[in-house]
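Presented sequentially are two complexes of chain A, the first with chain B as partner and the second with chain C.
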Partner chain A sequence: MRSITIALAVARKDLASEWRTREIVPALAQFVVLALVIANFGFQFDSRNAPAIAPGVLWMALVFAGLVAFGRAFAAEREQASLEAMLMTPAMPAAIFAGKALAAGLLLVICEAVLLPALALFFAVPLTFDEVSAVLLATVGMAVLGCLFAAMVAQVRARELLLPLLTLPLWIPFVVVGGQAVQSAMGGGGTATGSANGLLLDLDILFVVLTSLAARFVLDD
Partner chain B sequence: MTRHEQGSAASVALMLIAGGFIFLFAPTDALQGPVQRIFYLHVSAAIAAYGCFAVVLIGGVVYLWKENAAADRLARAAALVGLVFTTVTLVMGMIWAKPIWGTFWTWDARLTSTLVLWIIYAGYLMVRRLAEPGRQSARFAAVVGIFGFIDVPVVHFSVTWWRTQHPGPVVLNDALPPRMLVAFLITMACTLVLAAVMIAIRYRIEFLTDQAAEKVVAPIVAQTRAGDAR
Partner chain C sequence: MSTIVGTALTQRFGADVALDAVDLVVDAGEHLAVLGENGAGKTTLLRIVATAARPTSGTLQIFGLDAMVERRRLRGRIGFVAHAPGLYPALSAAENLAFFCTLQGVDRARVAQVLDLVGLADIARRPAGKLSRGAQQRLAIGRAVLHEPQLLVLDEPDASLDSDGPDLLMKVMRGRTAIIATHDHALANRLCKRTLELRRGRVVGVPTRLRVVH
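Moving on to the complex of A and B:
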């Protein structure tokens, strides 16, 4: 119970600081729209190939936006040396980690609220409940994994280089399953969204449990 | 000859014997011809890589649990050797794929997950290099090694979970003629010995590196402490 209160307090702190500075969300929103513009030129997009291309564009934009969001979550703490201060309190590292992941995940959800309608608008693909649910479910697992490695690389040299190397391979399951779900939601074939969402939920549970066990070793030094 | 030199000589001799079985004892495949002989080392290298990454996993868990420096060194050694065997698996597979499939690479589930495996453990070695040597690098690497191992069962079961172009498990399904099976089992045993010897040598190198670092660092730490005391 206490851990949940701490996690929520940490998340509230991060969201409040983002609300005051408005650093990450506007930058990410611009980034995802720019990614769509680049994809348009890269893929020679037309109305026929849209259902095949749009899911790929969505996941590429989301994955790279996620890397930036999660990297920032801990880079800011490092610049202020505030993470050490938080860890000196009797709060459990896992609770602090959960709070950071919750806040960073919510920032990514805000960015998705720009990305998904923009994709539907510019690429003329349907915006369905199945697509949104698959993206949101994938966000949970991506957030905990991304934040675990972001916390790790914040403490080492060349962190901008290392974060994608560690995070992307472990995000692949979410991109594979979520990618199929979004593809079928956009009418491009693939597996049924229901079973994909079940699998995404299983992956979320697995990685939430594993990362909360590992958080202690990454944060508490 | 030191123990490690004896081990290396023995494993080289064993690999030559395995080569004899592959090229002289095993029959030529009726459909694929001599290219099929790649199979023996390709599969053995993959199994050796799985074994190495299992050592990384166990070393990581033991390190996080007991803070045992030897467990960390073992994990470090096994990660590098595992990466070498994954490279061998990928390269031999590609050489086989070109004449059989007509292309070096296809985005098949098994090939892709093996490539991801390679990237994960290359990342593991990057963490080791970039983190602060000692406790931090050991802890971070242990976490990466534990999460990275999730991909090993994915690679292994990819041929049964998805419809792949990669051949399914022929050994476990009893699909090999007896002489091929003998050649395979001997190659596998020799490759596993080779992997174990490589890990042992690498462990010794890591041990000496740690010792040298301590020899350099310890006097500096003592000096600083003495300075602080004054």
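Moving on to the complex of A and C:
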């Protein structure tokens, strides 16, 4: 119970800081819209192939937006030397990590709230509940993995380079399964969205448990 | 009874020896000043005592507990003021303390008491990032005593504090065991009964008021 209280307090603190500084979300929202504009001009698409192209564009934009959002989650803490102050309390590192991942994940969800309708508009594809649920399920797993590696590399000088190198390989299952789910939801065929979302949920559970266990070793020393 | 018993504490960073076999004993309720020039090893020693860093070798017992093993348990009994204030600039002074109340498991009523103690009650709603460096340091000191720790570890807490700073430090150290790193010998003499001088990671010299440290 105390761990949940701590995780929520950490997430609330991060979201309040972002609300007041508006450091990440406006930049990410602009980035995802620009990515869609470029893709809109770069791909030759029509009503037949749009459901095949749009999921790829969606996941590319999400992956790069996620790298920025999760990278900042711990970089800011290290810059202002506040992570150590948090760790010098009896709070469980896993609870602190969960709060950081929750806040970073929610920031990405806000970008998705811009990205998904914009994608539907630019590519003339349907925006369905199945598509939204696939993206949200993938966001959970991507957030915990992204934050874990962001915490690992936060003190390293080349962290901007290392974060994608470590994170992207482990995000591949989310991009593959999520891509299939979204393609199917957009009417482009492929794996049924229901079974793809089930697999995304399994991946989420697996990585939430693994990252919670690893958080102690990553954060505490 | 001794609150801190450190034996042969050594910290190496690659080929550099930041702390070289330092023995340390601090009794309950005692105030110890750690003196030394820049790079002498003061911060390294204090970070080890605060459980923020692990020594390369040596043993450390705090409140009779092995500090290498029982770090989390000990952190609820230690207050640490590090070199950097480590505050959240977008949150107000009161919000910073309230957040740490949750982490420490302390009632939020303590926030008002601590703001009063460190003299920030009037500017409690101002974002920490907009406070002067001295006020930020006061807030960091307040955060360190939020959970009423039995041991205070203060790394150059007088940095940026105004002329009332020593009085504030005396107030927060009263009734607690404290170890404080400073360049200021006068402040050390005013706040502490014992001093420990470090040079290049080793204990040197025995200032007049020093009892037995090494």
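Going forward, the second predicted complex is superposed on the first by the 221 of 221 C-alpha atoms of A that agree within 3 Å, B and C clash if a C-alpha of one lies under 4 Å from a C-alpha of the other, contacts with A are read in each partner's own complex, and residues count from 1 in each chain.
Convention: a residue touches a chain if its C-beta (ideal position, glycine included) is under 8 Å from a C-beta of that chain, and two chains touch if they have at least 3 such contacts.
Note that the coordinates shown come from a computational prediction; the quantities given were computed from them, not determined experimentally.
Undergrad: Once chain A from each complex is brought into register, does chain C clash with chain B or fit beside it?
TA: On the shared chain A, the partners clash.
Undergrad: Pick one for A:169: touches chain B only (first), chain C only (second), both, or neither.
TA: A:169 sits against chain B, while chain C stays out of touch.
Undergrad: Considering only the touch criterion stated at the top, classify A:85 as touching first (chain B), second (chain C), both, or neither.
TA: So A:85 only meets chain C here.
Undergrad: Figure out whether A:202 sits in contact with chain B (first) or chain C (second), or with both, or with neither.
TA: A:202 sits against neither chain B nor chain C.
Undergrad: For A:210 in the superposed arrangement: first (chain B), second (chain C), both or neither?
TA: In the superposed model, A:210 contacts chain B only, not chain C.
Undergrad: With the two structures laid over each other on chain A, which partner does A:160 touch: chain B (first), chain C (second), both, or neither?
TA: A:160: touches no partner chain.
Undergrad: Intersection of chain A residues contacting chain B with those contacting chain C?
TA: The overlap between the chain B and chain C interfaces on chain A comprises residues 221.
Undergrad: Would you pull the chain A residues touching chain C in the complex into a rising list?
TA: Of all residues in chain A, those touching chain C are 2, 5-6, 9, 13, 16-17, 20-21, 80-92, 220-221.
Undergrad: For chain C, which residues count as touching chain A in their complex?
TA: 50-52, 54, 71-73, 75-76, 78, 80, 82-91, 95, 99-100, 102-105, 127, 143, 147
Undergrad: For the complex, give me every residue of chain A touching chain B.
TA: Checking each residue of chain A against chain B gives 145, 148, 152, 155-158, 161-162, 165-166, 169-170, 172-173, 210, 214, 217-218, 221.
Undergrad: Under the touch definition given earlier, write down the residues of chain B that touch chain A in their complex.
TA: Interface residues on chain B, with respect to chain A: 64, 116, 119-120, 122-123, 126-127, 130-132, 135-136, 139-140, 142-144, 146-148, 150-151, 154.
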